[in-house]
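After this come two complexes, each holding chain A, first together with chain B and then together with chain C.
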Partner chain A sequence: MSDRAFWSRFLLPGGLWLLLLFAVPICLVLALSFGYTDDLGRAVYSNTLANYTDAFDPLYIPVLLRSIGYALATAVLCLLLGYPIAYYIARYGGRRKHLLIALLVIPFFVNYLVRTYAWVALLADEGLLNSALKDVGLIDTGIQFVNTPYAVIGGLVYGYLVFMILPIYASLERMDGALIEAGKDLFGKPSRVFLHVTLPQTKQGILAGCVLVFLPAVGDFVSAQLLGGPDTYMVGNLIQDQFFAASNWPFGSALTVVMMLFLSIWMLGYLRSAAREARDPVAAGGV
Partner chain B sequence: MSPLDPRLSRRQLFRAGAGGALGLYGLGALGGCTVERPIDKPESTAPIKPEIDGDILLYNWAQYMDPAIKQGFSDKYGVEVNEINFDNLEAMVTKLRAGGQYDIIWPSTEYAYRLHQEGLLHRFDRASLSNADGISSFYDGGWWDPENEYTVPYAYYTTGIAWRNDIVSGMTGSWNDLTNPDGAGKMFILDDFQEAIGEANLINGWDLNTADPNELDVSKQTLLDQKEFARGISTNSTQNLVNGTAVIHQAWNGDIVNVRNQVDNPEDFSYETCKEGVPVGSDLMCIPITARSPGTALKFMDWVIQPDNAAQNVMWNGYPQPVDGGKQAFASLVKDEPSIDVNLEALGDGGMEYRLDNPDDRALWNQVWTEVKAS
Partner chain C sequence: MTGVPPTAVGTGRRFGRRSRTREDAFDRPRFLKLYSGLVYLYLFIPIAVVVLFSFNSVKSLQSFQGFSTQWYSDFLNDPTLRESLFVSLRIAVITMVIATIIGTALAIGLVRARTRWSPAANILMLIPLVTPEIVAGVSALLIFSQLGIQLSFWTIVIAHITFSISYVTVVVRGRLASMGDEVEQAAMDLGATRFQAVRLVLLPELWPAIVAAGLLTFALSFDDFVLSFFTTGEDAQPLPVRIWSAIRFGVSPTINAIGTLMMVVSLTAVVAAVLLPRFFGRKESGIKVLTGQEGG
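Our next item is the complex of A and B:
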């Protein structure tokens, strides 16, 4: 038996799992997106395109643009916050490296929803933060943190930050430290060494992090629901409302399919870039 | 191996695509089917009798029934009373339609009506319950159950306005109080399409359940104006009031009970119902046809509305129960703020129920609400 055949068998459980519990449900969502809701509120499979014409109603364009805007802001903030953390741990973590990574990951053992509720309690007008600021005399009346777009983006950053840090950390770990030494030996200032050596070497980590943060952030509904105000309605909230409030599963499914297709475009862009990098690192901007 | 493996040739991609297309064609055979497989219905349609016929499984909202009520029944009749929970009605109904075997469920009036229309509820004679006389007359012949043969009321709630009386003054007992200037930027509307459109309809003098597109258009504008004024759209009314983010909140009366239990200054929190109309919502108990022990289930319902049990349950969960014992317990629970206790029988024509049993009307309301939230 060849090695390949030997190892292929172990794909079976995982493959079956993905097929039954991932691919089949997605196909059902796809099928239901051509369905309708009957008089008793039951979703019925059919072959209508009505849900798709509804999905492209101009009414939803601002919702989509808002979701993309929030997700982009989230990715940028995660990058600015996450890169230095990943860099510090990878370069200067020393023996405590694994401990530091564990500390980063531990908060993510707690469900995202619960953590977001904690944020509400922390940031509310009479919450812990505002009370503390009042006690030390910095402010007189509570600052409005929650129910703003900033709170929604903040919640998203908090929710997805670790997905930025880990791939960047991995790419920094993979990088040969001697490259940085070489840059310094050539009398590069630290900022120039970083820009011309470290950054290009970790480009794939950054890209992977951005994709891992951006894609789920576009479809997120928890942050906007708990931390948002009247004007922070996101695509995720729109879809969730179709399933749980409007009893309109077919329309919710159509919106889901449209969003998946839309996000796939971004994903494809990332895969192409990764493939180019793997084939030809120099042309792709690497060293 | 890069993510775009060159070994995955065009031919393979083509084959994968063809397989997918075949799969889709297979899905086409689903046309006309509902998402859930139709469940087997029993042939007998005779009403069930309250008699012990086995253990029961309750499918209820979480934290909605005092465990001691279940334990008491279990001890008295020697059967097990188990409970699992749902967190929204849509999920509950989906599982039920897929054949879930529950002995008692807790739907709202509209869901009870729909489930009955689908033939998913057991029929029984409400008069066969020994405590039937204690049920509020409000639940005698409701539109969702004209003959009193599918439902027993569990709890009810009214929709009104909760506010901070230490910050907001000049409340007038009207839905227009939502935009009392003292609450600018700190007002919340409930994130519920019926409650939101409902209050707007009442403000404009329409029927609570109007489906007239022109009237709904005006109500939509009312909501858009309120949205400008609001801090948010949320059903976390208890939390929003407790943590000081809301000073005016469209709210259910059970929420304000919870708020007052959680804060150091309960006297600062008031609640009013509004003169234009008081929406009343109800949670009912029903027995699905998939029940394993419908007889025990009916007997358990009787146990729940027994006055001493109802009183104990109300003290535990804080929601008014529209039966003897439950009513008195709730009144004593909120004696410091009597406005929270709404007398159903005294409401008369002011008491209103949401009723969108026409699917087109329901779709229209949902559309209006989506437009309000998305724009």
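Our next item is the complex of A and C:
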């Protein structure tokens, strides 16, 4: 047995598993998106485009746009919250670096439903925040947080922040600290050093973080379901409805495909940089 | 950059120091410290609320009246909830074992094998990481119904394994990429077969990453809601699926108790993932193993 044949055996179980249970099922989604439901409510494979015309019906377009908008807002907010903290830990964390990172990661191992539910308890009309504000006397009548876009986006930010922080932290760690010192000598002002040295050096981490936050946020339906209402429903809620309440699997499949198409540019970008990194980790690190 | 006389560097420094203005706040640890502190508060307040009110003596989520463990006994005395806890644990353990074996093999194959299938296998491995979970849930539901498989305990396990393999592969490959194959080669020069080289040299070297990846998979599977939601049948509902139906009936302190217990289970797995590599006599931190930074 040649060396090559020996090592390629290791590829086999995982490759086959992912092919049969991941790639093939996604093709099934694509196939069923051209189908219809018969009179008995069963999904039938066919070749109609009706589901796609339905998906771009004026009724659903706002939902699609809203999902993209919420997810973009989530990525931007995560970047604004996450970059400084990653920077602080990487530059000034010192011996407590690992502890600080561990503290960041801990909340994300609390069940996502439970975390979102905690925000419901905090933000509800009769919730903790409103009653605290009333007790202090800042407000007389409760502020409505739940059922607003802000609550939904807030839930998404809380859900996915760690996916922004970790890649940025990793890229800051890879960066040579001497570059900042050199930048100070060249540019002087810390803000210019940041713009001309640190930011370009961590571009890779920022992009990875944005993709890793944006992609799951677009498909999320938990935050909009628990913290929002019908006016804040996202495409994930719509898809989930088609597979459960409405039981229109072909239309649900078409919505899934449309969502994937919207996301494919981001996915391809991420895959390209990840593939480059796998080939040559040092060059991809940008050092 | 070469050839800058030392004096010039010195002048630059002094100049920078003299022109210290408000802009310096940009890179001043004190400002960053405050900002980071606020982010930590934001992250921990909701969790503190969940834990605190899980010990409340009254059924209120607004005022804490006194300490009690009644919501925990409610949870553990409820047969369906208790069953769900064990379903979740069993799914997580089985997922951990199978996904870790398959994912580790895939990582070894991807790094060591250079065939024309490698790039395709690599892409196939990476796609699940960037696929929204709902897509994986929908496609799992479709394949099971297409094959006429009724949704059950095992459909959840299969869906979880499919989604976990890539995580294991990425973590294990991170460590593998930082190692050369010299030691294996040396072992084979000394008479070991290729299989022995893998078993006696490669796997022990990879062990910290394998353990960390496995425990991470356990935590991810134990906490997963979306995949389970799409692949759960009538029986054997994992805890997150139960929580989902309970939340929609409104808030209840029992959910806080479940959430706190689940947190303890997942955090135990994660802490073990970070600490266990040290028990294998290594100085490096498990966090570095998990984030794939070591050696990179």
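Here is the rule we use: the second predicted complex is superposed on the first by the 254 of 287 C-alpha atoms of A that agree within 3 Å, B and C clash if a C-alpha of one lies under 4 Å from a C-alpha of the other, contacts with A are read in each partner's own complex, and residues count from 1 in each chain.
Just so it is clear, contacts are C-beta pairs under 8 Å (C-beta built on N, C-alpha and C of every residue); 3 or more make two chains touch, one makes a residue touch a chain.
What you see is a predicted model, and the numbers here were worked out from it, not measured in a lab.
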Classify the contacts of A:Asp125 with the two partner chains as first (chain B alone), second (chain C alone), both, or neither.
first
According to the stated criteria, A:Gly228 is in contact with first (chain B), second (chain C), both, or neither; which is it?
first
Contacts for A:Ser247 in the overlay, against chain B (first) and chain C (second): which applies, first, second, both or neither?
first
Among the partners chain B and chain C, which is in contact with a greater number of residues of chain A?
C
Contacts of A:Ala274 with chain B and chain C, given as first, second, both or neither:
both
On the A-aligned overlay, A:Leu179 touches which partner chain: chain B = first, chain C = second, or both, or neither?
neither
In the overlay, answer first, second, both or neither for which of chain B and chain C A:Ile68 touches.
neither
Thinking of the overlay built on chain A, is A:Tyr60 touched by chain B (first), by chain C (second), by both, or by neither?
first
Scan A:Val76 for contacts with chain B and chain C and give back first, second, both or neither.
neither
Chain B and chain C footprints on chain A, overlapping residues
28, 32, 120-121, 124, 126-127, 226, 243, 249, 271, 274-275, 278
Chain B residues touching chain A - in the complex, by the definition given at the top
2-4, 23-24, 27-28, 30-36, 88, 90-91, 93, 97, 114, 117-118, 185-186, 192-193, 227-228, 230-234, 236, 239, 243-245, 359, 362-363, 366, 369-371, 373-375
Residue ranges of chain A in contact with chain C within the complex
3-4, 6-15, 17-19, 21-26, 28-29, 32, 81-82, 84-85, 87-89, 91-92, 98, 101-107, 109-115, 117-122, 124, 126-128, 131, 158, 161, 166, 169-170, 173-174, 182, 184-186, 188-191, 193-194, 211-212, 215-216, 218-222, 226, 236, 239-240, 243, 249, 252-253, 256, 259-260, 263, 266-267, 270-271, 274-275, 278, 281-282, 285
For chain A, which residues are in contact with chain B within the complex?
27-28, 30-32, 37-47, 59-60, 62-63, 120-121, 124-127, 142, 144, 146-147, 225-226, 228-231, 233, 237-238, 241, 243-249, 271-272, 274-275, 278-279
Chain A touches which residues of chain C in the complex?
1, 9, 12-13, 15-16, 19, 23-24, 26-27, 29, 32-33, 35-36, 39-40, 42-47, 49-50, 53, 61-63, 101-103, 105-106, 108-110, 112-115, 117-119, 121-128, 130-136, 138-143, 146, 158, 161-162, 165-166, 169, 173, 177, 194, 219, 223, 225-226, 230, 240, 243-244, 247, 251, 255, 258-259, 262-263, 266-267, 269-270, 274, 285, 287, 291-293, 296
